[in-house]
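Paired with chain B in one complex and with chain C in the other, chain A is shared by the two complexes that follow.
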Partner chain A sequence: MNQTAPAMRMSAAGTPPRLSGFANWADRNFKWLLVAPAVLLILALSIYPLVFSLVVSFINYDFQVPGHAFVGLQNFERVVFDPVARWSLLLTAILSGVSVGIEFVLGLAVALAMVKSFPGRGVVMSILIVPLFISPVIVGQAWTLLLQRPFGPTNYILGALLGQDVTIGWLTESPWLYISLIIADVWQWTPFMFVILLAGLTSIPSNLYEAAELDGVGAWQTFWAITVPHLAPMMLLALTFRLLDAIRMFDTIFIMTGGGPGTSTYTASYYLYTVGFTQFHLSQATAGSWLFLIFTALVVTLLVRRLLKVEAS
Partner chain B sequence: MNDRERRDFQAGLEAEVDAFMRGETTRRTFITKFGQMTGMLAASGPILGMMTDWALAQQKLELADPSSPLGQAQAAALKASSEGPAEGSAFRAIEAAKQYSGVTVNMTSEAGLQALDPRNFSGPMLEQLTGIKTNVVELSWPDLYSKAVAEHIAGSGAYDVLDIAPMWTPSLADGGVIQPLDDYIAKYMNADDLNDYHPLYKALPTYKGKVWGLFDDGDIFAVYYRKDIFEDPKLVEAYQAKFNAKLGPPKTWEEYTQVAQFITDQLAPNVYGAGHFRKAGSPGNQFDFLQQFRANGGKLFDDDMKAALASDAGITTLKNMIAANAASIPGNNELDAVSLWAAFLTGKVAMMYSWPPTGRMAANYSQSATAINFIPQSQVAGKIGYAVVPGNPEHATGFSKALAADSANPEAAFLTMQWMTSPPVSLARVMLPYALRDPYRLSHFRSDLYGGLFPSAHEYLVNLNNSANIGLLDPIMPGAQDYFLSLDRMCTAVWAGADPKASLETAAREFDETTERLGVDSQRAFYAEFLKLPGSTADNTVEKLGLAVTL
Partner chain C sequence: MAASRPVRRVRRGAAPIARFLLLGFFLVFVLWPLYWMFNTSVKPSDDYLATPPVWFPAQPTLIHYQAALFTYRGFEGLVNSLIISLSATVLSALLGTTMAYSLARYDTGGKHLSFWVLSQRFLPPIGIVLPVFLIYRQIGFYDTHIGLIIAYTVFTLPVSVWMMFAYFRGMPRSMEEAALVDGCTRWESFWRVAVPLAAPGIVAAAVFAFIACWTEFFFALLLTSRTAFTLPTVFRAFIGFQGAQYGEAAALAIVSLVPSIALGVLAQRHLVRGLTLGAVRG
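Now for the complex of A and B:
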């Protein structure tokens, strides 16, 4: 390397300005300065609240009880021994499991139907994915308007079709209220499954299907032997993403049933919201959130492990 | 520096200098521009603040047609504030508040319709009269409590005037979130104006012998019914034949159900006898249960502060309510307050009980404001009669204006509260078509201007006054929202078919858990304070205390 070249260039440009103490320091630690804003942002927006919430779950932080005394595990005990909390967790598992299951089957069916080109496919696909872009609150309100008696048209239409009076309490009577919540969720989120599974289907090499066709393999066998194995990673990915979202189900319940009747439609999120923001027992709600996070983490770990295993195979 | 480090340094320097010569971004220019950007961000705060102040200054005082009753009430409020009488609370507040010209009073308000009054009427008028600016912070109903507490814990001094539900008064007072008003009242308020409150509302903000707020919203339940149906000769005759009684507004809950069922039997599916707000989470069930339970002789707590819900009164109340549901419009259990209004205004329901805006909506007065056009036009205007709720009507929440303990301008804040709740100004405020604030002063009930708002407004006011005479207050004590939630869950579970007795026991267990969480002894003390208030029990109403007001 010619060591005189830079010196010549420098001399041509004049003497470089002398760096101050701070500039020297900044120069040495430039890489840290670059990442510092991002790190600070993460610390402020993510780590600090997380640590603070952990602290809150071990103290009294209740807008009705003055003081912040250390209470040990009392907040966790209150959640664990609250029958409403246990029910809400069970209901969360049932509702999210059933909803996601139906969404998966429907999404896969629609994706299989849409994988081959046909006239108007683009328009149909656009219409199919519209629910994805609607806020869950609006979805809940729309379904409430459709189902709520005495104004909603659902019972009237069913009555006209069946030729007899239909008086179903879609939002207040069991099991109809659960069915209503699942219908609303399925309506909104089936397109999510459809989009992901369609992407997976289109990535399966077509020569595999051609080979199967030449070998005279039937449609059902082709589906199980070619489509399912190749689509499995995408299936698991779609199920994982959707399940993680579904277990946080809140908006539609808040709008459609208000958690009722009684506590029959309390999901974990709705329970935590009620304890924290209706009753102002913030430390109990925070402790509940941590417990819920642990349950969620278990599910996530299982699903991700399975996902990685499938991808590896 | 060894050779390798020197080479690396020079190579870096070379690249740096070359980039500098070419005018490209170097680390130095990056740091310089980053610093400039950070500085701009820091400066943007004050700039945005100035823009916000400018935007707030654009708030315009909205006045009604001067010839209308509302316009006249607004003119009277302006005159009383600027010209007197000199001893009036409005005038005294304005005169004293002028020294705070330029000060901004931050006040919380329930988001939506409730905030329109301070934004469009009282806030701009106060600024016009005193130079005090008002900053209305709109919050959801639960946040009116939680944000006030959170800001107090943070010591931010973010709020000066708090809109609070009276049931929160003890918690906020003991928690140091609000401050007593006695000294300010003695200094600035006309005692006659304090006595102008209906007796049910006058003592309501009192706790442990001190005044912690100025009451500002008379939320008493009343019955609204279709006179054309109740006076229909054929129906009157049929009712007489069936029950050997005159068809009219019911006096007992059993009669209420009987009348509702009779009208449903006669007129359904065109009109149903009654409708109720029964949807879970929509405020209604707890208030309805409380008013009937206490009218039936029920007590919330026994002497040991154990919940006394699972009693004969509780069973009777729930059974009556179930029977009323069955006699009501299909989908009754799915209605909230707004959808019940829709059912009533469109003529599908013959009788309902609810908050006072019902009367103004039924007369099509409220709907003259575009802000409230989500409520359908009334198809029953001119056909509405008013009656007192059977037994004892519930005063369901209401609002008080409280003075934040952390206010940087407590005197300016108090004077703002005094002025807003003074007789002439509060009259103009409760007459606003979009207002959800309801009459609470004797001068409101007696006002000819209010009485001119719609043809039957005088009858409406008399009924509200009569309802307050025997009205019952919601429990004013810590944990009230927990107790209410338990009642709402209990009721909606029963509507869905749960056993009333078992549901009462579940609610009682939840009551006890709440009491234990908050401390049995302290809750007993709070409850004892509450029982001192007129309207705390059916045996302690304004009327039974000999304080009833006759108009």
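Now for the complex of A and C:
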């Protein structure tokens, strides 16, 4: 019993005698018993459904067409050749890319502004993180109340500021409805970037900045030479986590535009939702969700690989 | 923790005026929708379309709260949300803690098992919810509390496991080893020694699991209808505002955001760990 690794030390620690057969067995397999419930639950409600949906995507599973005949790749073809599907994937990429980009820049700016102490900083901090604890449905609702005509005050305020009548249909006219969706996303998730980047900023050793100041290095140069390289792993982490959530965008669209007008605000999730749950083409929707899953997996491997590399170095 | 702890003596570029302008602008941006929603929730219906808009209702009213809770079944949604979120939170904390302990102390399954759990966090829900919907219809879990509780437990497990994994990793193991040497079983050294020591971490993980369940919409929308519906799904009634229920929508929103914001602000020193699944100690 001379193992050096701490994990080994714990598993090898002396088993007390006076244990019944079962208790003895349980003690020996303790580490597996501990993970079993969680693993079984994930297998039952995540892995099994995934396998099941793979089966469904190769057969006919449609509430409008009877029978479950094998149809090969037909369900996949329907999705791939559906212009709405392609548009929704493109829109998902554009909306999440633009939102996450704005959130990153704004979050970094606010984090830089918050890093130094000032009176009332604690209160400001508590207010700034509030959007993180609100359901996206309510965020969509809140912005609907602000933007929807004729109730919302936004056009009135803009009119007063610009000195002329403003009659923008924020939730009905392109491009304003995209801007509205992005604003709602930015409102909710800029604090996410800000919190993580602030944690990163506060962990940069302050003597680096003192040295830079002694050497007379300018603020801008200090930012690029010290802040950015030290913050890089944190930036990548924040961007990765945020992007992987952003491509699921559904709730705010459901509340604010309902995908409309027409199909103009369909994101990938929204498209698959309508195919599966309002048109009841379930097998087409599962085929589409597998394609989306593969697309997500590619993004994940790409980003997480980079992330692990940066963390390792 | 560092997120709420300011760094002193550090001289950073931005001029003070620009800093405070930016913070001021951002504070207004964050608070404005919340204020307008609160304002709408207590505003008499006659003031809805006034020009200029009514910024401070002269005669605030609570009738919208009453209508949202009882006419639009918001109260039932609230009760369902509480039952489902609390049950899923307890299950998730329990299973997450046991699994995380095994991963952290016994290195169970090596890197693969822990990363497999993490990968569940990044699965798009739409890929899971369609087949789960079909399975739930078959086994009678559709539109039941237990069905959504199980779904939420699985959906919050990756966060619970990873937050607790990081917590146990940061905890010295000497106490548990001492307990083993003194003749405790492994279970006793886990349950009687490690769990009480990790209590603050478990509470923090549970708070984030609760907030995630409380604010969740997608699973609830697709896996429930008239019985086990949660608070966020009640907002479907207000889409399009055919009857212009602005006040009711706002009132329900205010009711629903109070618990999660209160919990979130109370647990804010764990926020960085919560958002990054324990990857950043903050």
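Keep in mind that, in the parts below, the second predicted complex is superposed on the first by the 274 of 313 C-alpha atoms of A that agree within 3 Å, B and C clash if a C-alpha of one lies under 4 Å from a C-alpha of the other, contacts with A are read in each partner's own complex, and residues count from 1 in each chain.
Throughout what follows, contacts are C-beta pairs under 8 Å (C-beta built on N, C-alpha and C of every residue); 3 or more make two chains touch, one makes a residue touch a chain.
Since this is a predicted model, take the numbers as computed values, not measurements.
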Just chain B (first), just chain C (second), both, or neither: which does A:136 touch? second
May I ask you to decide whether A:278 touches chain B, chain C, both, or neither, giving the answer as first, second, both or neither? first
Quick one: classify A:151 as touching chain B (first), chain C (second), both or neither. both
Counting residues of chain A touched by each of chain B and chain C, the higher count belongs to C
Using the superposition on chain A described above, determine whether A:264 touches chain B (first), chain C (second), both, or neither. first
What is the contact status of A:65 with respect to chain B (first) and chain C (second): first, second, both, or neither? first
So, A:30: does it touch chain B (first), chain C (second), both, or neither? both
Just checking: does A:167 make contact with chain B only, chain C only, both, or neither of them? Give me first, second, both or neither. first
Chain A positions within both the chain B interface and the chain C interface are 5-6, 9-10, 13, 16, 23, 26-27, 30, 148, 150-151, 254, 258, 277
Contacting residues of chain B [partner chain A, same complex]: 7, 10-11, 13-14, 17-18, 20-21, 27-28, 31, 142, 145-146, 149-150, 171, 174-175, 279-282, 329-331, 333-334, 339, 342-343, 348, 478-479, 481-482, 485, 488-490, 492-493, 495-498, 503, 517-518
Chain A partner contacts - residues on chain C that touch it in the complex: 2-14, 19-20, 22-23, 26-27, 29-34, 36-37, 40, 48-49, 51-53, 95-96, 98-99, 101-103, 105-109, 113, 117, 119-120, 122-128, 130-135, 150-151, 153-154, 157, 161, 173, 176-177, 180-181, 183-187, 190, 211, 214-218, 221-222, 231-232, 235, 238-241, 244, 246, 249-250, 253, 256-257, 260-261, 263-265, 268, 271-272, 275-276, 279-280, 282
Which residues of chain A touch chain B in the complex? 1, 3, 5-6, 9-10, 13, 16, 23, 26-27, 30, 33, 63-66, 148-151, 167, 169, 171-174, 254, 257-264, 274, 277-281
Help me check something: in the complex, which residues belonging to chain A touch chain C? 5-7, 9-11, 13-16, 19, 23, 26-27, 30-32, 34-35, 37-39, 41-42, 45-46, 48-50, 52-53, 56, 61, 106, 109-110, 112-118, 121-122, 124-139, 141-146, 148, 150-151, 153, 156, 160, 187, 190-192, 195-196, 198-203, 206, 209-210, 213, 219-220, 222-223, 234, 237, 241, 244, 247-248, 250-251, 254-255, 258, 268-269, 272-273, 276-277, 282, 285-286, 289-290, 292-293, 296, 300
